[in-house]
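Both complexes below contain subunit A, partnered by subunit B and then by subunit C.
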Partner chain A sequence: MMPITLSVLPAALIAIFLWRVWKSGSHRDIETFADAQMDDEQFARCPGEFVAALFRREDWEFVSQLDSEPLKALFLAERKSLAIAWVRATAALTRRIMREHVIASRSSSDLEIGTEVQIYSQYVALRGACTLLHLSIEVAGPVRLGNLSQRVHRMSERLSAAQEALAAANPIRKLQGT
Partner chain B sequence: MLGCSRELALGYAAKMETLVYAIWWGSISLEGLLLLRAYRTNLGRSYPVFHLYILFVLVQSFLRLAVYRYRPTGYAYVYWITEFIGVMIGCGIVYEIYRVGLAAFPGTARMARRLLTAVFAMALAKAIADSSNDPRWWAEASVIDIERALRTVQAFAIVALAALFLVYAIPFGRNLKGILLGYGMFIGVSLIWFTFLPAEGYQYRHLWAYLGPASYDLALGVWAVYLWSPQPQQSLAPSLRLEEQYQHVAARTRQRLEQARGYLGRVIDP
Partner chain C sequence: MKAVLTVVPVQQAYDDLLQRSLAKIPCDLGRLIYVASMRDYNTGKYHHDGLAASFSPAVARAALEMAHRDIFYKVAGLPLIELAKQMITYLQSCHEDPAEVLRAWRRLEPYRVAIPMNINTTVAALFISNVKLALVILPRLPLPDRSHPSVA
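Up next is the complex of A and B:
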């Protein structure tokens, strides 16, 4: 006797996929989206200093010193909306890259499953990072997030330095593979 | 009082019988209509297995009725034999969806072949594992169990194909989309029914007398709408870079995704 889940799962999956197939009627190729998404792409590729500034604490410290609650609230709201817009633009850019990829590769006769899986996992990881970043900005705000991410970055740097030191201290073990 | 409730019960039974006949004649009419349209529009040539399936179900309905009337003792045998032939032709429909939909996409078709092979291999492995764990499985498995297992495999194959079509944005023609939607819906409803049908579930069998055929009528309705007139598979836009080598495309995509990751990295490493 087959377990119930083994039959209910494909039935549920069929419902989801058929819904998607039914809604996919107005298929549009990438060219249609080109103009609309160009702005997003340019925004996602904006200079690194600008993006870094969005999450930096210095500006917030300066505004805090002015001791004006409405100004603080306005600053945080502006930063948050800008940061979210930038994350959305980056997510849109990754979607666009993937869409361009499938349209260019789907007709290839030498499509490789391994390469496709790698590209998809890279894409899924990126989309996951975008979603996580979006949620973090919504919950903590860009300023606190920047502070947190800098700490995490410093910690990971220290950790990798420690790991390198450890590896350097045990070269024989490493060679012996024990 | 008793006479009144008996009259009500008889009235209800008469209404239900009318409903069963309406569903039955509805499916016969829709099948006839589909076959007639296939003949007039030449769609039968583009989708031969699908139309063979419709023809088979039409013939099977009359065959079952004849056996039920003139040889009721053999009805169960005829019912399950025709049911299994129907499932087998149904597998052919899945293959036809793959063949027609991916005709212009050799690489994606290769991927679909591997995906479908994996689905069937997993189903086979599961069947072997079940029968080796319990050698009496084949003997004890009811026809419903076997049909449920076959429908499950079909369902996974449809899901795998639909996923591939969606991921690679394979353009659907209206006809192919209708076949996929109708058949997928029918398989989904059948699976739910076969799953929740208890071994001695005669009380639910009554419900299936309406639900099963009604879902098939709905599928026939979908097919009638989507297959009314022939529509060729959508062709590719001429601006696509068909001449580009896959390795080059894949390398560029990976590079661009890395670049996008770099943009996100600015938050962590400003």
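Up next is the complex of A and C:
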């Protein structure tokens, strides 16, 4: 009896989470700017100070002081919408960077296993962090996730920088090889 | 060398704009609206007669574009409470009925044209979102005079 309960509980939690994601995606009555289709890369490559502003706790504290439930709901809906759009765009940009890297690696004659492993582990960690942040926004809202969002932002910048450095080094390596 | 020759007059024009025109405006939100109003809706190009006469139309345009971007980033990064305070200052400085201005801002959303071109999309979205929130917050804040903008 006990093992059945233990397996049903995670399944129920996953079902509740998926239902919440679907429900939040199907709500179109609150018009938010982030609902509009936007270029992923433009959305993802946001300066760190503005990522911090998206998740800023002080704004929530200020809104809470005004003691208006509709205002609180509007604030949370706006911030959640923007935060999720940013996380999704960051995840999409990460996938694109990795795709480009794989294509470049296939044509490279002098692959360094250590560098490849490092980039791949950065990619896996970043995708995991994006998923965790997305789940956390859905469950807890964006106002308590300043640290995690900054971590995701830094990881994304590191991966972009590593890929750009490799792309810049490739022509030189090719020249040296000839 | 060529780059230095072009950058220096733009910086001079930028400083001139800050000192002569923008310093007279009491808040960054007001400065943002002012600089955005210098931009042609159809072409996206900036025009400022005084600046163009002192420097050149191209230099004036570049200086205005630079100022627009700088001020926009400042305003977009403001905490909500600061944005709301700047909105009060702006309402008090624009010599119109604050309730009328707020109503127009809510309905027509003119602040959308205050976004510079080629700006980061997240920052632009954050700005729009914050202004929308500030417009809801404003009637709930204590204002210094009687021209308290009531909820529409």
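The definition used in the following text is that the second predicted complex is superposed on the first by the 105 of 178 C-alpha atoms of A that agree within 3 Å, B and C clash if a C-alpha of one lies under 4 Å from a C-alpha of the other, contacts with A are read in each partner's own complex, and residues count from 1 in each chain.
Keep in mind that, in the parts below, a residue touches a chain if its C-beta (ideal position, glycine included) is under 8 Å from a C-beta of that chain, and two chains touch if they have at least 3 such contacts.
All of these numbers come straight from a predicted model, not from anything done at the bench.
Asker: Once the shared chain is lined up, is A:L111 touching subunit B (first), subunit C (second), both, or neither of them?
Answerer: In the superposition, A:L111 touches subunit B alone.
Asker: For A:E58, is the partner it touches subunit B (first), subunit C (second), both, or none of the two (neither)?
Answerer: It touches subunit C, and subunit B stays clear.
Asker: Of subunit B and subunit C, which one contacts the greater number of residues in subunit A?
Answerer: Counting contacted residues of subunit A, the larger count belongs to B.
Asker: With the two structures laid over each other on chain A, which partner does A:S68 touch: subunit B (first), subunit C (second), both, or neither?
Answerer: second
Asker: May I ask you to decide whether A:L133 touches subunit B, subunit C, both, or neither, giving the answer as first, second, both or neither?
Answerer: Once the two structures are laid over each other on A, A:L133 reaches subunit B alone.
Asker: Once chain A of both complexes is superposed, is A:Y123 in touch with subunit B (first), subunit C (second), both, or neither?
Answerer: It touches subunit B, and subunit C stays clear.
Asker: So in the superposed three-chain picture, is A:V102 touching just subunit B, just subunit C, both, or none of them (first/second/both/neither)?
Answerer: Touch status of A:V102: first partner only.
Asker: Can you pull the subunit A residues that subunit B and subunit C both touch?
Answerer: Residues 44-45, 51, 56 of subunit A touch both subunit B and subunit C.
Asker: So in the complex, the part of subunit B that touches subunit A is made up of which residues?
Answerer: Against subunit A, the touching part of subunit B is residues 104-108, 110-111, 114, 141, 145, 148-149, 151-152, 155-156, 158-159, 162-163, 165-172, 177, 180-181, 184-185, 187-189, 191-192, 194-196, 234, 236-237, 239-242, 244-247, 249-250, 253-254, 256-258, 260-261, 263-264, 266-270.
Asker: Within their complex, state which residues of subunit A touch subunit B.
Answerer: 1-2, 4, 6-8, 10-11, 13-15, 17-18, 20-22, 24-25, 27, 29, 31, 44-45, 48, 51-52, 55-56, 90, 93-94, 97-113, 115-116, 118-119, 122-123, 126, 129-130, 133, 145-146, 149-150, 152-153
Asker: Please name which positions on subunit A make contact with subunit C in the complex.
Answerer: Per the stated touch rule, the residues are 32-34, 38-39, 42-47, 49-51, 53-54, 56, 58-59, 62-63, 66, 68, 71, 74-75, 78-79, 82, 85-86, 89.
Asker: Please name which positions on subunit C make contact with subunit A in the complex.
Answerer: 76-77, 79-81, 120-126, 128-129, 132-133, 136-137, 140
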